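Heads up, the next two complexes both have chain A, just with different partners, chain B and then chain C.
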Partner chain A sequence: MLGYMTRRVLIMVPTLFVISIISFAIIQLPPGDYLTTMVAEMEAQGNEIDEAQLDALRERYGLGESFFTQYYRWITNVVFHLDFGHSFDWNRPVSGLVGDRLALTVGLSIATILFIWIVAFPIGVYSAMRQHSVGDYAFTMVGFIGLAVPNFMIALVLMWIGLRYFGQSPGGIVSPEYADAAWNLGKVLDVLGHLWVPIVVWGTAGTAGLIRILRNNLLDELRKPYVVAARARGVPETRLTVKYPLRVALNPFFSTIGWILASLIGADAIVSRVLNLDTTGPLLLRALMAQDMYLAGSLILISAVLVVLGTLLSDLLLGWLDPRVRFRYGR
Partner chain B sequence: MQPTHPYPAAPQTSVAAEPGPPAPGEPLLRIEDLRTHFFTDEGVVKAVDGMDLTVPSGKTVCVVGESGCGKSITARSILQLVDQPGRIVGGAVYWRSGTRPWTDLATLDATGEEIRQIRGDEIGMVFQEPMASLSPMYTVGAQLSETLRLHRGLNKAEAREKGIELLRRVGIPRPERRFDSYSFQLSGGMCQRVMIAIALSCDPALLIADEPTTALDVTTQARIIDLLKNLQEQNGMAMVFITHDLGVVAEIADEVTVMYLGTVAEHGTVDEIFGNPKHPYTRALLSSIPTMRGVRSGGSARQRLTAIRGMVPHPQNRPTGCPFHTRCELAIPGTCDTEAPPVARFDSAGHLAYCHLFTEPAERRELHTQATPSAPVSVIEPEVAVIEPDHEPEQHEPDHETHPRTPARSQGQPLLDVQDLTMHFPLRTGLSRRARTVVRAVDGVDLTIHPGETLGLVGESGCGKTTLGRCIARLLEPTSGHIYYRTDDGDQVDLTRLRRRELHAYRQQIRVIFQDPYSSLNPRMTLGQIIGEPLRVNRLARGSELEDRVADMLSRVGLRPEYIRRYPHAFSGGERQRINIARALVTNPRLVIADEAVSALDVSVRAQILNLLVDLQAELDLTYLFVSHDLSVVEHISDRVTVMYLGNVVESADTSDLYRQPHHPYTEALMSAVPLPDPGLRTARHRTQIPDDLPDPTNPPPGCPFHPRCPHVRPDRCRAEIPELRRTGDQRLAACHHSESLTLTGVS
Partner chain C sequence: MAREIAGSADPADDSGLTSGRDPAGDEQEVSVAPQWKLVWWSFKRHRMALVGGIITIFIYLVALFAGFLAPYSNDSFDSEYAYAPPQRLHVVDDGEWGLHVHGYRAEQDPETLELSWEIDESQKIPVGLFVRGEEYELFGLITWDRHLIGPKDYDGPPMYLLGADELGHDMLSRIIHGTAVSMSIGLVGVILSFLLGVVLGGISGYFGGWVDNLIQRITEFVISIPTIPLWMGLMAAIPSHWGPLQRYFALTVILSLISWAGLGREVRGKFYAVRDEEFVMAATVDGASQPRIIFRHMLPSFTSHIIANMSLAIPAMILAETALSFIGIGLQEPTVSWGVLLEEAQSIRVLESAPWMMLPGVAVIVAVLSLNFFGDGLRDAADPYKS
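Now for the complex of A and B:
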């Protein structure tokens, strides 16, 4: 297990390195550099340009130097000082801009994965154990609807339901009346009341997919010789199902963490806009449209790192769960 | 066998058993008129339809028949282990053991507590695929303990102790360590031992073994069979042994039930079934297997096998009347195809067959007079060679074609001359995934094949025989060495030195027949496209000429030319193998490499294909390299045989010489492991036991690669010096230091 873990962790290093280079290359893509943009901006506004300040910035980012020197300065600042550079669109440090939003995004992602697991697990098991039953077909149909309907559409419908039947203010994560209030039970409940909408919206497609995967995997496993063999030595039916086929069929629960994280962090822009959520998605969209390259590059870097971390997490969980994974790489 | 350790007696729970355990020989299990049907979308499949079976206490009953005859379903029905959509729809499975009076297992709830108590406790079960029968998610020890804890109420530590004891008993070395291994860390043979340990953990009164050795190598098979026999002697348990291999039956059975299409064809003691078979199906089965009789009787002519025509019909298209009448040579029109056959009983109480031949009125039986129970069976149908040691094959000679063994090797130049061929596969392990070790699949092999001969290539799985075949066909790029091929004009070409483009010409002349008739044919192509492809890509023929040649080839391999537009899924395994052969032969090759070409086929179909290969060889002047793990098939078809072990040739000789007296201990071990379909030889044969695990091919042992398993190993050179392949007699080569001083036994 130790060898397997070491390998998984070590393999992250080159991956992250390549990701950071690509992110930085994206930052560097537009013609000119950060300073020329800033100078142009200030001149357009008729501001004085402080040469000393310019020199300090030039020094700070290593502008005019080779790509790799600039990259080196950028990445060391990122790694050692969490300084991702400056967003000229917002005229604020990137780290400050991203911090809150990232917390919300990661929090929502984790909540969504938990939601997917909690919903997909019993339904998947039920559908496999009662294959071709009415319930199986009903869940299959709901699942396909979840897969087929665009997320923003579901978001709109859920918001309408929230407003119409529960009297909730649409969008955001907190109602206006609590916006500036200190944290108390009412505010917590209000936040939870708002959060379920994005979680359900993001969760539908993943849940539907995972139900199908779990159902099919479990159906395959239920027919494996080792199930018959276990039955033949008198293992009671429920215990048999949980212990043998179900445990193998659980693999996708963990192996999907990586890609579910990726799809949530990257592709939530539209839903976040619809729901008026301050996640990283809309920020990235705006940064790209405004050619705010330090912000865009940083967001890409952070998202990619999170995906890599998610993959690592799922690999480690798989290794813990499945001895075949553990031993095949453990040698 | 490992030395067996005294086995602690199971706690005797039956203190005051009223009926008492059945005495040895008393029936323990009685299956009566069992019907297990599968309710599929296409209709009802009557997999088992009126099966009877009685298992006496302490005896072994073999159930034998071809695939699709319902053997496994019968075995699974006993414990109600039939998967959906299968269901027991009729009949009874009476069981008694210990305190239990006769219980009909078929009426119990399949998921209920009662049958669960019997499974694994009173009746143990072993399956065909040992690897897949163990869950990879838990250690083998955990799965072994599970049974003990369920049925014996042991705690974890006790179960571990008992489990290790059981593993030792089934001959697993270092059981303390193996207990914590996972199934994928063990070999197939080891996994099967674990399965046997699980099945035996609660001292069952009956063990059901469903093709337990089919997936194993012949050496491993011999050890598992011996193990089962020994365990049975110690425990006094009864066994139901399902197999399609008549050799295994002769080795282990007390009684035999021959099954055909879900019902009994014949039942008798093992001596009755082999010595005096009554049912035409039993006789046909016995005569369709190569028996190595050519060697044992000193015959030098290759006999044709008697194939059963056609194949086992799908149970959905079950014929009316006698299920076998569609393939039976002796079917009586008007009777066999309309009426279900009555039971005919013979001399001894137990011997019976379901066949009209024995109850037909005398006048209608005229034609079949010889078929009366007392008459010798061999006369009933000249082709039916009966397995009786005193029969000489010459008796049948006028009735079938014989092919004299070609003495081709002595004259002229070899067609193929392989010199020092190696094929190494790098094995990527460790943190860096760099290739640190190599598997020496083929490690310096010399081989010659002469025009017109059939060279058999045998060895256990993992010995490199398939890799060697693929190297010769240049499907693999050998690491080093030479493959000299003599062209039509007499030039010698080294195939290893040729580039892809230059190889084209030789790809038409050297062709391969693959093992798996199912996966080796592209399901999206018609027969015309599959068989015509080699002609098209090599630009040998186009358009109507191509079609003509494909159609001609189809009829040569015994398929109708009209099939040219059909897809492979419409064909059975045997027919697919004919398609495979047609594809190999359509380019008019000179050398054909048959890689386990008949291994996946049932015995009756295998006989058809072997006959076809022999016919085509004579017709088309072919040279065969016949790669197989099956020594009896190789004996039947080959002129010369080469034996491989761990990537090396260890022995090479003319077939009859080799089988009469091998010069290498490995060959002897292989031969003694082959179960011969003759129960009379069971006790007479001296068994050479070798450990059943091949050494790690990445780290072959020093000295002679066979020395860790060799029963004749001597302390002097075997462990230090690698033996050269050297001449040990007329036309004989062997790689053993002590060939001359050893007197090894072949198939005697």
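Now for the complex of A and C:
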């Protein structure tokens, strides 16, 4: 197990390195930099810019230097001091801006993954055990629809229903009347009343996908000779299913954490914009528009690192649960 | 029963082994049937896949004949009819056949200046089929001015079967025009990622060794990065002065730069599976050249599989384009796609007063759903290893 773990962690290092270069390269792609945007804006307003001040700014952010010098300075600060640089647009350090929002994004992602598991597990097992039953077809149909509906459409429809029939928007994370209130039972209940919306919106596609994977895996497993042999020996049907096939079929629950996390963090920008949530997604969108390069690059880097960590976590869990996985890495 | 056997038989297995089965009834037909026929037989058994396929073809036809099917052109609008609600199309007029819609009566709130629309039953706008309207170019070649449906009097009051948007564009026409862009993004993007995926996956699977290792690492890397932030970053890098066509191609290239990885994996897996088969060895022993082995012997044995996977990648592309355009960094006006149309449905106030702005979303769902069913059926039919 230890060998497997070290191997798995070592593989991660070059991945993270390449990801950091790509994140930095992307934000350098647009022509010009934040200062040119700022100068254009100020000139449009009729303000004169002091050339010396501009040079000072350029010097401070290292904007005039080569790509690799800039990258090196940025990444060493990130790695050794957790300093992600300075946001031009907000005129604040990136780490301070991102902190709270990141907590919300991660918290919501974890809650959504739990939601996906809780919903997908019974349905997936039921569909496989009662293959071709009415329930199986109904769930398959619902699953297909869940995969086909873009999650912002679900968000839009939920908002519309909320407005139309309940007279309030289900967006945001707290109702306006609680926004500045101290934490009390009323506010906690209010937050819970809001939280289910992003969780359902985010989780639909993942749930639909996981149900299909679980169903197919369990079906494959149930057809294997060892199941037939156990049945021939008279092992009761429930015990027969729970003891082995189900355990093997459970692998995707852990192996998919990585890509579910990737899709959640990806969908964040779109869903949060509709639902008006203060997560990292809308911040990234705004930063990209404003060429706020350190903020945008840091956000892309952070979300990629989160996904890599999620994949690592799921691989470790999988290696712990399934000796075959460990063996494959051990060779 | 015979057809079931045919469906499960390896399509690559055209070596004459199938003729060894008992020659009863259409069994004989099965043994001589070409591969595409076997695939078609087993595809037909999937009711949902068949329905999905028909709807898919229908949607692509709509995209082809958009100019003819839409009552109005993409950029014709009447700002007097901002957010006019959908009209009902009446078929019977005073006991006689006569297509018509009722006109509108607008009331302005004296305080908020907000327009509220009511259908005016007393006003009748005659509607006809194959009516004369704005000129358009079919397939970019034939200039024509006939529209499938529209108000008989072209200069009279407009018709809004699915309501109007903020500027008074006809939503029905815009959804129809958006079909062409939305559906073609899927096709073009998939073809691009198919080329990348087949070439890289093929090299990886055929040669193996360190080449395979390298390409696999790259594939894993591409799969592991979160797509939407990356797409957002790349799209934001596109210069704002680029025209609609350039933006369109930039978007397809960016989408396929990332989505080739899944297809590449699939192709590599297939190459690996087939590499050690007897027919490949036979070809090698026969002295066939490497390109000949790859393209004449190996590729045809899983072409159907690749096509099925491609058809499953199209809906993912359509969803990606819709999502990016929705947040305003994908395609932009004057290009009209379903995502661009949905961008206008973002604000709560619009949703409250004009819920029909969400209708392009219905088009997305129908298209993606039918493509998914179609692709799923195709994959099951093309997969020789499933029973």
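Following the convention adopted for this analysis, the second predicted complex is superposed on the first by the 273 of 331 C-alpha atoms of A that agree within 3 Å, B and C clash if a C-alpha of one lies under 4 Å from a C-alpha of the other, contacts with A are read in each partner's own complex, and residues count from 1 in each chain.
Just so it is clear, contacts are C-beta pairs under 8 Å (C-beta built on N, C-alpha and C of every residue); 3 or more make two chains touch, one makes a residue touch a chain.
These figures come from a predicted structure and were not determined experimentally.
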First (chain B), second (chain C), both or neither touched by A:231: first
Chain B versus chain C as contact partner of A:125, first or second or both or neither: neither
Chain A: partner with more touched residues, chain B or chain C: C
First, second, both or neither for A:318, with chain B first and chain C second: neither
Residue ranges of chain C in contact with chain A within the complex: 221, 223-230, 232-234, 236-237, 239, 315, 319, 322-323, 326-327, 329, 342, 345-346, 348, 351-352, 355, 358, 361, 364-365, 368-369, 372-373
For the chain B and chain A complex, residues of the former touching the latter: 76, 79, 81, 83, 111, 116-121, 124-125, 127-129, 132-138, 143, 146-147, 150-151, 182, 184-185, 195, 198-199, 429-431
Contacting residues of chain A [partner chain C, same complex]: 15, 18-19, 22-23, 26-27, 29-31, 144-145, 147-150, 152-153, 156-157, 159-160, 163-164, 169, 171, 258-259, 262-263, 265-270, 273-274, 284-285, 288-289, 296, 299-300, 303-304, 307-308, 311
Chain A residues touching chain B - in the complex, by the definition given at the top: 3, 6-7, 10, 223-226, 228-237, 243-244, 247-248, 322-324, 327, 331
